[in-house]
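Encoded as structure tokens, here's the structure I'll be asking about.
Residue numbering begins at 1 within each chain, and the chains themselves are lettered A, B, C and D in the order written.
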Amino acid sequence: MTQPTTQPNDLALFIDPRGNKHIHKLTPRGRLQTNHGEILFADIIGLPWGSQVQTHLGKTYLMVQPNLHDLLLNIRRAGTIMYPKDMGFILINMNIIHGVNVIEAGTGSGALAMMLALAVGSEGHVYSYDSRDDMQVLARRNLESIGLSNRVTFKCQDIAFGFDQSGVDALFLDLPNPEDYIPVVRAALRPGGFFGSLLPTTNQVSRLLEALQAHDFAFIEVCEILLRYYKPVPARLRPDDRLVAHTGFLVFARPIITGTSKPDQGE
Amino acid sequence: MTQPTTQPNDLALFIDPRGNKHIHKLTPRGRLQTNHGEILFADIIGLPWGSQVQTHLGKTYLMVQPNLHDLLLNIRRAGTIMYPKDMGFILINMNIIHGVNVIEAGTGSGALAMMLALAVGSEGHVYSYDSRDDMQVLARRNLESIGLSNRVTFKCQDIAFGFDQSGVDALFLDLPNPEDYIPVVRAALRPGGFFGSLLPTTNQVSRLLEALQAHDFAFIEVCEILLRYYKPVPARLRPDDRLVAHTGFLVFARPIITGTSKPDQGE
Amino acid sequence: MTQPTTQPNDLALFIDPRGNKHIHKLTPRGRLQTNHGEILFADIIGLPWGSQVQTHLGKTYLMVQPNLHDLLLNIRRAGTIMYPKDMGFILINMNIIHGVNVIEAGTGSGALAMMLALAVGSEGHVYSYDSRDDMQVLARRNLESIGLSNRVTFKCQDIAFGFDQSGVDALFLDLPNPEDYIPVVRAALRPGGFFGSLLPTTNQVSRLLEALQAHDFAFIEVCEILLRYYKPVPARLRPDDRLVAHTGFLVFARPIITGTSKPDQGE
Amino acid sequence: MTQPTTQPNDLALFIDPRGNKHIHKLTPRGRLQTNHGEILFADIIGLPWGSQVQTHLGKTYLMVQPNLHDLLLNIRRAGTIMYPKDMGFILINMNIIHGVNVIEAGTGSGALAMMLALAVGSEGHVYSYDSRDDMQVLARRNLESIGLSNRVTFKCQDIAFGFDQSGVDALFLDLPNPEDYIPVVRAALRPGGFFGSLLPTTNQVSRLLEALQAHDFAFIEVCEILLRYYKPVPARLRPDDRLVAHTGFLVFARPIITGTSKPDQGE
């Protein structure tokens, strides 16, 4: 089997001797510039992934393909961050699999849109709403950088007036006041579909829970995910001194059909 | 838009009034039997997802599509459990996206194989190794239940003699002694590919870290994911009294090519 | 040095082969009755602490002095529990040292009163308020069992009308609605003194924070303490599978004097 | 009741407008010097605790008595830190109450010695061992600053040769290699007494557990305490962004007497 090598315009992750990470697109005429010299991309296109490469001043960098985690944490950002630890759990809990249609609002920097676009595959679709034009320009650029912008339809409009879709499989609100939009969420989401939201404060969670209960949502869950890293030293294994103690509370729920269908009467 | 309804042989999640969950395949001649009466599947096939249905004795159940989380926690099991919280993070950190080829060992009940098969899509593939035949029979049945067994090749063989593949993108070991297989992992995994493992004890983690360092792996990370649920009561929001405090430590690493490629010489 | 031995009426902790703990007072005529025989206290008074003793049917128990942790978790209980992990931090954060005067309300089972009485020593004092007579009877009995009831004055009265003391060094409210009593807290606590409360829900915390801000409290802190146990097996060290995920949020604050004292004018 | 006021040579905690804390002894001729002016202690001695005081340039500071937490985190330090969250739990779990005799090694900066001296009261005693003279000079100064140096006997010697005391009630090792000293610990600690240690790495914990098991210790427990702070904003209550994720693992155990005392034979 041939070893995979870097191709023109691939995204590459460079790690310097201190462990800092830098993601760059390997444009044929581009270069990585550092305080300790530069690397011409033309020189390294075609090398195997996982190679160590040197600047013209002799500093060594490791060059590998970025993983999703790296991509998500390195995209151009504006506003708040959604962390990979939360996104992985969102995908599983909201059943974001090949072929599903999903709405998200707001778009933000497009980190979640990237993950959603990857997960829904070529047969699913993502509708991403944001009232701010500039954020969507940024998100679109981030999506294009990984070649997935065709799976996402950006909508620059206020969701107070509702979503343009109905019957979608999943809907995620990354907004400070999701409780204000639950009726329009219900109108867009199919019964039994998956609703989710990420909220920093307990007060927001309480308000959202009230709204969900008032609009016939069931399977309501609130959780948070803590990610604890360890120093990877075999003879002195121990947790890191500090950790990201809070990103947000995740709220999940599913709209149900009220009133009982009596199966023995065939409805 | 038409509302999605249950079709013959769909997997359905029934929730009883106490919140207990039951997953069943809606075979046309099947039935859900409970202490409080039964529901004939023939009566409920064709109802909208998200409906409430009643047993012939009048007990109400909610019927929705199971999400991945439900499927993963409800598959037939033998041996240890891999939790959705860990799987979501594994997918993101090991870059399990559409089209990748991935090896896992051991198969266990097939929970991780299910997730991997979903994530690699129709163009990727999963190779699942286990020395125990009975486990793979169980896992295959679990994969078939969600219609993804064609994406997984089961190998009932001892990995001490190596894997049959090389150049795969990712490789996950869910075994008590992963440190014994690092040379064969390196042979199967492409440089820059993604290695992962889940281990319950700190002693196992230390041994694996030693083996990874000895075989030119870089980007070594150790972490654990804690999932904390809250009681979803808006006026009395608080964490649950108890939580699953430990499933395992996640170890990630990537094989690199040693020796420096000097870009200024074009190599 | 002579080895310390059990004396009549000492409290002894017996641990059975399964690790279950039982605290008994070694009354000269008493006995420990188990499913596997009994131990007459007369037979074991005078043995060294740390001895293994047997029932008349040959079952072995370990006999040691109980520590505070054991005493606190084994006192007769009614209502909610205050955990040692929280109490230790309360003592340090509220400066409960030899000689201080402290108020607590409500008394509950007296667990916190026990800790406070131990910490304030012979020169400090504890005032414990509860509107329920039966709780104080229970708490008084618990205090007597460790010989510290003389350090605690029980007050069976409604604190809505205020406390009988003023200028105390510390005041702890273990009540569902501490926000209703902040003015009377301020009247009883000296400026710069220490206020604390333990609350299960986030909504209660928010209400208390509002009241504290409205009444010139400073140094307001909210925290929670998580205690994670590990299986103490050297070759397979790992966290316990489950943990007590929530007891309550601790809120601390100190009343300050508003208006500035200009030091250069000597006030 | 008269309001407590600052006395000459009291320790005072000054908090600046940004919340930074500064502890100073109110020597009659001393002063607090800041970037925004100074405060002469002579001007503020005699003011009530809890007062707000101003520098000669008009910057306001709050002046209160430090609590134990403040004192412990603000003592002059060399080497590693023991945190109040851990100390509170150590006191309760090791039964450090009025009148007990306790050994600690090593002394370090004396933070634990301070807590122990406070807890054992005037009738107990603390023996603090350290092979480094300079550390004990520092610790002694810290103890003197709170007037408790008479309750602590410092021993500058190597504990490999044993402790000078026997039959003590509790013994704490704050050393990297406690497993090397378990025989001398056993010789110094009374049967049923309390042993404790704080260790940063899992490997150290495993080694200590082995040594404890080999020397007839029972009630072996391993735990860690996580302290999570919240932003105390009533309308936006949420956990802090970051937390101290690891200080150390606490190990507790008690030496027992092996061989059974048969009570029915009077021993």
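One rule holds for everything that comes next: a contact is a pair of C-beta atoms (placed from the backbone, for glycine too) under 8 Å apart; a residue touches a chain by one contact, two chains touch by 3 or more.
In this text, all values refer to a predicted model and were calculated from it rather than measured experimentally.
Student: Looking only at C-beta pairs in contact, point me to the busier pair out of B-D and B-C.
Tutor: The greater number of contacts lies at B-C.
Student: Taking each chain's centre as the mean of its CA atoms, how far is subunit B from subunit C in angstrom?
Tutor: 45
Student: So which bits of subunit C are touching at least two other chains?
Tutor: Residues 202-203, 206, 228, 235, 237 of subunit C each touch two or more of the other chains.
Student: Building nodes from the protein chains and edges from chain pairs that touch, which of line, ring, star, complete or other describes the result?
Tutor: Shape of the chain contacts: complete, all pairs touching.
Student: Where on subunit A is subunit D touching in the complex?
Tutor: 200-203, 228, 235-246
Student: Which residues of subunit C touch subunit D in their complex?
Tutor: 1-4, 15, 39-40, 43-44, 46-54, 56, 60, 62-65, 67-69, 72, 84-85, 87-95, 97-98, 115, 118-119, 121-122, 166-167, 190-194, 202, 205-207, 209-210, 213, 218-235, 237, 249, 251, 254-264, 266-267
Student: In the complex formed with subunit B, which residues of subunit D make contact?
Tutor: 202-203, 206
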